[in-house]
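Shown below is the structure under consideration.
Note that the chains are named A, B, C, D and E in the order they appear, and that numbering of residues resets to 1 at the start of each chain.
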């Protein structure tokens, strides 16, 4: 693929962490995703095009959102402009555009909020930086709130935990309500409502794909590992990102889940009604849409009469599942009370390793030196396992049982300080390729560092967006896209099928 | 390609961590309570008198301060003498040096008759006083070693690394000499009036500093589950043995030269023969348990690499060090001042008699609090900053097996295996 | 010479009302606004007690700033600890002698530490100001109000320290004046210019507090990112999450 | 109310009648600490005596007697220095060393 | 100057004058210093003890010092020898060869090169312009280093709270103190209390005078009969001479 001048990556550093770049005002002001078509917006209940009194409507929408979310109100009121967050965002580190500093991004909204909803802003706007929502400012909103992947890294370093992601979501919701939607997210949400998954993959095509995979597995391993679809009465309903069905390396993960279930003797099923773990409604900040999407899962669980709910490898999906599922799509009292709602596939696999239910042989991944990319939503907005931080230890434990050698990237780039892949938050679209490439800089740099100093050969992840983003972006930095692995893809190579469980 | 050693802070959420901090906190609280009582009631509740004016708190304080300067030695060997195998230990060495100094200074301040006048002390300086100079040396030490530590941790400080490392090394020598000079300049006391106190203190610092360093390293690696290999420990063991030998040499020289000068016969007879408990402490505590036994444990060829021997030696050295400083400080004051040589002297102010000193529990608490303060600073420092390497096993420290060749070279030089 | 007493009495009654009223309104506003979804920044504590600890660590140790930039942490610490000590020291102007036994003892005890606090406060503020001017990314996000706030605090600290070290004022009369305000038994206020400047600036600080970024002080306790418990959902949770 | 006021504000004892202080009361309240510290530095370090301004002089003019006619020491909250210092939470350590009443005070 | 103040000044003048008449040769250079005038660096106050006149069982000097300075007497039943301050003490010397016994009084020797001043970190231990060595208790932090440094064990440390201090000798817990050659009396034009007591009630062994004044009684006596200084080998140039040792 031809690489234009815009796709020249910023230089990697010989240190594991990227230094804050010199300020380059307006460097990314040109970056905007395609605007949604009227049909896309209307399918979600928004105005098809920009409404006439958009300014007043936007202010009104902002007011309603602020009044309905304490987080928004407190965050907009409490920032002291200390700049602690400023050099923490990967988009700022990769572009140098000052509006990509989280605090500056928040200020795009804060200015308007102050102008219309605080006494200081009403009386002395110039002093406190309050401003009206002009056409120019709206353009900046559209541009820069689609340069935030809602990864929450900024909130880790803010003393009050101010989360720019919340403000991004609110801003996008405001824009949606005045008819200014993003094509990528809104179109996808339309597909989910219509077909059940982001890809618009209908049930027959899905069944076909799964059958083909079953054949491949049997051919390769000699074991009849199944990928059941819409099986009523199964114990476990697996909700997984639709990319797992066919994309590389995602599909290796799907095969891995199947093998684990097979080895554990668990009866499980996928659902064509809820064939998508991802919930893009979170990115556009619409609680209603989020609930609507999530309720498909509830419906599927009821219809199929399952007892357990397990989610596959997807970052923001796990966030929605772990934190919001019970609120948005409950009640779940018909499920088996012994298991939490929901579980992550890693919890199943990890428990199986610990109890001896499955046996893994690292030789199955001989020659691989593997590192792990903590996905932002998993790291900073969810949990797994027993205590806080399980979302860091469980994937690493599973990987270490599956591969001969595991290496962590630099301390300041992993765990809750992990860098977003650069493609999350509804930005995984080609019209934002330059942004995606530059935003990936800190993570790629850290990866490159362990490649060069510790001989790392592969990077595993548990998020479909991350895997897709890396597959696209790593080659731009001169790294091999085959480096990207699903964690359960590694499990799939290492698991001893047919061996009697302990 | 230089092998980057990953450093990892201690787990600040571990239960054991809080337990240790809690215990140390209790010790500190006890010491603070004792200090408060001493301040409130006056020094009458202690064992100190108008004859023995410096007691157990000073013993602990001097010990900790001397050990502090010696604890830096491991880092200096790595940086100044360019022995790369010591480099991973340099951060801990610097931190421990600062921690022990802070602990020692705390005891010194809390034992003052008027600690509430600390600001007076910080704003009025008599530049003829070695004590005042020591205050500068101590604060300067903290600043320099702090800069050195920062240069090691933060790449922003890389420019400062070399000057800070060398500066800290030189400064620490001046500081130890200065501490020794506190006693060495006292012409009044026969036990102190000796130039050899300066090198003796430097030797003492090397011994105590290393002993504490080794013990702390072993303990914290065990507690946080970090592998600690033989390469590191063997070298430290042998190094400790050598500096211990040097220190015992200086002690011997000190007493022998004193015995030459007939005017010092009295004090030597007192310390080495007639001092009762002080004499017992000298021969049994300092020379035997704190000198010869550890010497054997550290240098005996068949014990090389034996961790039990190493830790036992370290403990004995610490205890022996305390007895040595005790003998120095208390012994020097117990012996009567000779105002009228040749006369039999008596008065209502204990002229001509040996002064006795019995430490009170408050002084013990205060001294131990100083140790606890040093340990708290070290432990918290290890948890807040990347001080400790994640892996000190032989494979991680010395993948190219350089140590073996160096051991052979050292062995050939020293005539030991 | 004009008598500053009545003017300052009115000024302080007014600013006290603004401070309490404005702050109360803002707090009520926050309290009444719902928190629809659990959004703590993970890893987050799983018990209420854990949250209290997390909040305590943030408020006393400035944990997030430590992880972010040591220099910022240092200056923010110096300033806030200094401010705390100075505030405790200033309690002597408001509390009658012997109030609540141990509390008054604490105020007496804190007096000398309050001086060091004042110095720490000044150093911290100057550090914050220097940082705001010298780091381009921080300068880029600063508005007039940010610099004015720092300037206001520096002026208050400087005038206070000047009174302590250079040009003394009549402390007994100052305390009598403020005690008089709260008991409605009004006493005269000395007309020392430094004192009046100090008090005027303090009144300004009180008045702008509820409308400025100083709201971060109560705000941190209301922040869902930090004060929410991370609870695992089980089926019996019945949709309550 | 006046009754409450009597409790709240310091009751600074009147000095010896017919006497004048080194400066007017307002200025003394502001500057007595500097005057005293300056005086003591001069006295002790340089040997410059000023009997009229010495601490004992302050104490003799500002001696406070109790109901039995005894001059109170600084242990007693009615002591001249104590009245104000207790009110303003000021702690001085002068009387840990200095006698707090004139030597010839009746005991 | 107000009434009481003037009376005070006159009182001290009278006292000074009177004493001059009584004590005569001891204090002929001694006159009260006018207010506002600093100590004179051209003066060097010193003591001379003629041990031949000093009786072994006499302790009038010690007695007077303790009374003057507000210290406990060693003969008091609750006297604590380990902790209570002694500015001056009688040291009984017995020559083992001859059996001869003397008991000269020993106090701070007011060294011209005082080690106690050199070592003091804050400068509290000081030498006044007229060479009197004393502790500026406003600066003393109670570190006791000067006590370690003094070869004559001249200093004491206050180990507990005190009450009933003499107004002219403030002393308190946590501070170090010693004989200050009765500066408060010298500034008033009177000789030290111990000297006055010796002349009045003792053997007349003690003489007080100005070493820097070639015509002083002190210098005259030294020229006549010489003088020994304790531990002269240390080279501290002390200000207390002993005759007859």
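The definition used in the following text is that a residue touches a chain if its C-beta (ideal position, glycine included) is under 8 Å from a C-beta of that chain, and two chains touch if they have at least 3 such contacts.
Protein names from UniProt, one per chain: A = Fe-S oxidoreductase; C = Nitrate reductase gamma subunit.
Because the structure is predicted, anything quoted here is derived from the model rather than measured.
*Asks:* Everything stays put except that chain E is ignored; which chain groups still touch one another?
*Replies:* one piece
*Asks:* Could you tell me which chains are in contact with chain D and with chain E alike?
*Replies:* Looking at chain E and chain D together, no chain touches each of them.
*Asks:* If you tally the C-beta contacts, which comes out ahead, A-B or B-E?
*Replies:* It is B-E, judged by the count of C-beta pairs in contact.
*Asks:* Between chain B and chain D, what distance separates the C-alpha centroids? Give it in angstrom.
*Replies:* 49
*Asks:* Taking each chain's centre as the mean position of its Cα atoms, how many Å separate chain B from chain E?
*Replies:* Taking the mean C-alpha position of each chain, the two centres sit 42 Å apart.
*Asks:* From the mean C-alpha coordinate of chain C to that of chain E, what's the distance rounded to whole Å?
*Replies:* Going by mean C-alpha positions, chain C sits 56 Å from chain E.
*Asks:* Counting in whole Å, what is the centre-to-centre distance of chain A (Fe-S oxidoreductase) and chain E, each centre being its mean C-alpha position?
*Replies:* 87
*Asks:* Counting only residues that touch at least two other chains, what does the list for chain E look like?
*Replies:* In chain E, 161, 173, 175 touch at least two other chains.
*Asks:* Considering chain A (Fe-S oxidoreductase) alone, which of its residues make contact with at least two other chains?
*Replies:* none
*Asks:* Among all residues of chain B, which ones touch two or more of the remaining chains?
*Replies:* Each of 116 in chain B touches at least two other chains.
*Asks:* Give every residue of chain E touching chain B within the complex, in rising order.
*Replies:* 74, 81-83, 85-86, 89-96, 106, 115, 117-124, 139-145, 147-153, 156-161, 173-176, 230-231, 234, 245
*Asks:* What part of chain D is in contact with chain C in the complex they form?
*Replies:* That would be residues 1, 4-5, 7-10, 26, 29-31, 33-34, 84, 86-91 of chain D.
*Asks:* Which chain B residues qualify as touching chain A (Fe-S oxidoreductase) in the complex?
*Replies:* Its residues touching chain A (Fe-S oxidoreductase) are 1, 4, 6, 8, 155, 386.
*Asks:* So in the complex, which bits of chain A (Fe-S oxidoreductase) are touching chain C?
*Replies:* 20, 22-23, 66-71, 73-75, 77-88, 98, 101, 103-104, 107, 118-120, 126-129, 152, 155-163, 166, 287, 322-327, 330-337, 339-341, 379-383, 387-389, 391-392, 416-417
*Asks:* Per the contact definition, I'd like the list of chain C residues that touch chain D in the complex.
*Replies:* Contacts found on chain C: 92, 96-97, 104, 107-108, 111, 168-173, 175-176, 179, 183, 185, 187, 190.
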